[in-house]
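Heads up, the next two complexes both have chain A, just with different partners, chain B and then chain C.
Now for the complex of A and B:
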């Protein structure tokens, strides 16, 4: 018999580009990302080296292939967490990169409530046409061809019932900045 | 409506039936008032449900409620204060309790009885809320087995359609569990000085001695009481009998413990049932030749009838009922040598009383079941000396100051004098 729903925590990150564009995940982020805090990890790609480490963080790890991952992981993934269908793609396949209409097309194609993509190295939490589009940015602050000044970031989703609370973590200088927002189905 | 006195009488005779058990327990444990007026009962049930709702909100943090407090789930690792540590502690606690629940098997019931029960999810919640609300003791393994007894009583009530008009299964489960734990939680403390350990020792070494000195001597020679006794006491003897017999024993236990407001009434009742069970095991224990055989009698489920234990306990209580209670020991009246006498015969009142029978009302000391004709002064003194020796044996393990050692020497002196006097 189903018990009370206590909710789930989902870590969203990607585009680490280790070792080619960055050496390591920032030390303050590493201290925060410890096992037994979250139920799921969603990774947008280009973070192959991190895969084994991510598996120690949570029982469920969902990784997709970035353009530099040589197809080691699937192109896209759909995951059901609580009441939300969540789609994940790296985003280099979606042109123009970061364009809301193009993202919307893939959200409809995957038939998901939330579409998570990366590639732009720019963190976002946007609503468009009643659906939500999330980009965790680059967890290492690796440079991208789109812009050079990249703030290291990742996102934590707190999902319970029909509500999602998003925490965006950014490393500004040496300080971890957290900004919180929420949305509902 | 239920009458407290009648329920107690039935509980101490043949037990309460499955359809009425939950109501009987509510009455015996004070969850509903003994006045029995319909209005008062409804009101108290409603009040306890509201209380539980409040406790649940307070002690069962989830992600939603935790998000509402300031702070994010992760920066506590960097030293920030956060309401999230409460959430994580609660999640860890739930995982620990669930592990015990997953392994819960009660003898006499199918293995999946609880996982298929309508109470399954509630069991986790009730234990989590109670433990979080009682941080001084928290959750200990074994509490889930006490909760299982409550669940069985409530399942029967539902099956018989006897439940309260407006049911709230989880709240009712909580209020019965809480009422038991108010009296029993202390017994889950651990350690050599814990109350439950002392209670077992008193039961085996002192109380049993009053009724069955030879059995007591044998047990005190062979067995440390907490080895079998912790399980007996903590689990209310529920592992010693199959369900539903274990529930019948609880009927009697709760009835016998209906208090005069004395916080130790429950512990004393536990000790009486402890001794009653030892007495029922007596023939097999006297036939055992070493520690292993004694323990195999004491640590395996009992083949005897629960009603034998209940009736013995009832007679022990009746013998006590004309007594002065002093320092948790059962002292009927005390003659001028300090030896206890019982004012009513326990086991049929045959002869074999003390030669020096100075009890206040002149009735002979009741003979014990086994040593029917052995009761005379010499055995009394020797029994007392042996009792002192065994207590000394235990205490000397803890005597690590010169004053303590000196005090123990003094006691030993008394024991030796008693033994000399008995020769």
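Now for the complex of A and C:
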């Protein structure tokens, strides 16, 4: 039913770092991550422990290696979903970390409409030069040396035709905050 | 024995066949007489038919079969009698008289019951009188099996003829007390017959007889079902008139087959509220049974029943269950168990005792969620039973261990709903009785329960307590020690993933450590490290890593406190120095903290004695009265030293992981403003890189992290930074594969041009990197497949540096590279990835064009 209303739903998450930096995915999020709602899961890595769980959520799980996965998954992946070419990398390979210029370089290299990266544990939905850069943050709010307080977050993409709607879910204290943005090709 | 048995069986079948034939035959004649309204004839044939039931030859099963066939025929007589009364040919009382003329007792009674039911139905006589008559007359048959079946027929024929509350026979026909009386009397006679079966015949056939009795027990139990179906039996009547009679019968029959069966029937057929109202007398009876009776099974059944009721009530209407089960129920069960223990000590096996406690515990957990005292009480009883003087030398056998494991595991189940696993005082003692393997399973249950509850572990004591409960997960046991390595390697497929899963769970525990006070938290970490550290390298790789990250976050928190203190001190200093001259410029964020609190230690953090932080704190202590913030006993440096030790210990066995951890530490140290410590951490990472990394893939990953870490750093002196950046670039140039070298050296160009204009901006070094990268790419050149993808990637870097306004990167380089790529790209073989490469190049050119770097078509 969700498919009819929203187009294809893509769950984007990563950097769970369980058990290294967190014990669980927050319960509020766990309750939202239910099977048969999404068609794809894109994971930015460092979530090896979650792989099997993610596979129960959607038929297609696209996972890349994080800096701590020791190469269990590919370094980068390009996925075609609807009209969009989506590139996924963990992001530790893109220096300086989180730098828009460098991200742009990899977006051009992978020739994608949307580049999804993680590593910084800070969620982002940005547009540069007509391309989209998405970072789901850390779903567990895992420790990062880059920021003092990490907010647990993930992102849902609804892809329909030439349009993508992004929903950023953040856990602020005890409440889930959702912000929505939309872009077109 | 076998031969007569089998011929017996043949005879049985032949006999049954013949008897059945006769029943059918007489039934046929009976019906024919009924068709011609010949009452006398019908009764004669019915008697002849029923006479077949007088046999003493058949086994209970075969007798049952014959009985059923006979009743099928007898059923037609019901309708016939009913019809006679209805059309006025005969009155019910006339019929009742007439059938008594039958000469043989058994057929007469069957007929009498059949007519009696019709009689009651006509309501021409009070139901109570006829029922009374029938139940008395049935005493005429004292042969156990024949009597049992006769009384079963009586019960069945009159099931809807009782003057129960709300039935049409109530009033004139009596009331529910008469109904109860009838069923109880029939029950007690039935039971008497059933028990008497036991004492008939030679003692050598006892086993067979017991089996036959088991086959027949349903005939007795049916009476209890009838009782439970009576509308008029409410709690009050059950308490006063029903159960006392039943229990009296149970106790007085002194039969070890009847006692457990009847009690179990009582448990199953009556509702929970009846049981709760009569628990004391029920349990009292349980202590008066024959020695052979396994009381545990009965108590367990009752507790399970009540627990299930509580569970259902809770799921249907939340929270009500607490009020539902009266608080004294636990006490009642408990005192019954205690009494049994005292009276039958030695007679009950240990496994049974433990099982009984498990049942009591399960009952307590279901009916009184959260009552830790009940759990501890059951644990106490188990401990008392297990403690022996002298202490037991034999380990528990498998059944005993299984039951004890159950006792320990029950409160850990999610449905147990206990938050305070750590409050289970005797857990540690009890778990010691289990063999190692089972202890491990129980330990895993503890970890799951603690993680599930998610309650913070906020003191060294609670951490110690927890770790004492889960020892088998933290270190090798006695079993593992003897050739544990061999065992492991021989059964790798089983053991290893299992162990990994366990350790992944244990590793999560570190995230439950919590305390607002940084010193207290650090002490908790210290305790945890001590325990995890004993686990050996295969466990440590899982368990110590979370502690590193927790400690890094702690270091940050401690640093924040230290910075605040330093700021306060600076303010006070400024106030004291309040002279006309302006105060010294307010310190910037990080610098003053280093100089004031940590100045002396700055240069040699790793050489501190254990006690050093306390000593360092001394001068700060004098300011304590004046400042509101208490200086931490454990400084941030101390915390960094803590992680340094952990990671150093792992470096040899897990180089890639440790290298990454060292870089994480360096990033945090840099953020805290400790340039020397940060430098030390990076150096350790570099040492691992040089000495330990297993393969070029690991090296490549490491270099990405190094470049990222260096670019993130803010605190290094220029010379230190330069040394580290240069070293990294050298590593890049020495990677095994040329394309990796090429890419990584190009990436290292980033190290020499910071986005921050106040930091390193060495345009020449950038250019050197890019040119070197280009040279390596050239070396990859073969005529068939020129490394165009590398050229394009390098071009990207030139473009990026051009955009960053590096004056050394001029358009002519870009121009040259574009020309080079153009020259080769048309000649390129149609290889896989050509489309990707072209797309990439197209994107790069578009960028160049958009930024107007060089003129393009």
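What we mean here is this: the second predicted complex is superposed on the first by the 179 of 185 C-alpha atoms of A that agree within 3 Å, B and C clash if a C-alpha of one lies under 4 Å from a C-alpha of the other, contacts with A are read in each partner's own complex, and residues count from 1 in each chain.
One rule holds in what follows: a contact is a pair of C-beta atoms (placed from the backbone, for glycine too) under 8 Å apart; a residue touches a chain by one contact, two chains touch by 3 or more.
In this text the structure is predicted, and so the values were computed from the model without any measurement.
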Side-by-side fit of chain B and chain C on chain A, or clash: fit
Which of chain B and chain C A:130 touches, first, second, both or neither: neither
Which superposed partner A:180 touches (first chain B, second chain C, both, neither): first
Touching partner for A:169 - first (chain B), second (chain C), both, neither: first
First, second, both or neither for A:146, with chain B first and chain C second: second
Touched partner set for A:95, first chain B, second chain C, both or neither: second
Superposed arrangement (fit on chain A Cα atoms) - minimum chain B/chain C Cα distance in Å: 14
Contact residues of chain A, present in both the chain B and the chain C interface: none
Touching residues (chain side chain A, partner chain C) in the complex: 17-24, 49, 67-68, 70-71, 92-93, 95-97, 99, 101-102, 105, 108-111, 129, 143, 145-146, 148
Contact set on chain C toward chain A in their complex: 451, 454, 504-505, 507-512, 542, 545-546, 549-550, 552-553, 556, 656-657, 660, 664, 667-668, 671, 697-698, 701, 704-705, 707-708, 711-712, 747, 750, 755, 792-793, 796-797, 800, 803-804, 836, 839-840, 842-844, 847, 850
Residue ranges of chain A touching chain B (in the complex, touch as defined): 1-9, 28, 31-34, 36-38, 156, 158-161, 163, 165, 167, 169, 176, 178, 180, 182
Of all residues in chain B, those that touch chain A in their complex: 60, 62-64, 66-67, 72-75, 77-78, 88, 91-92, 94, 118, 120-121, 124-125
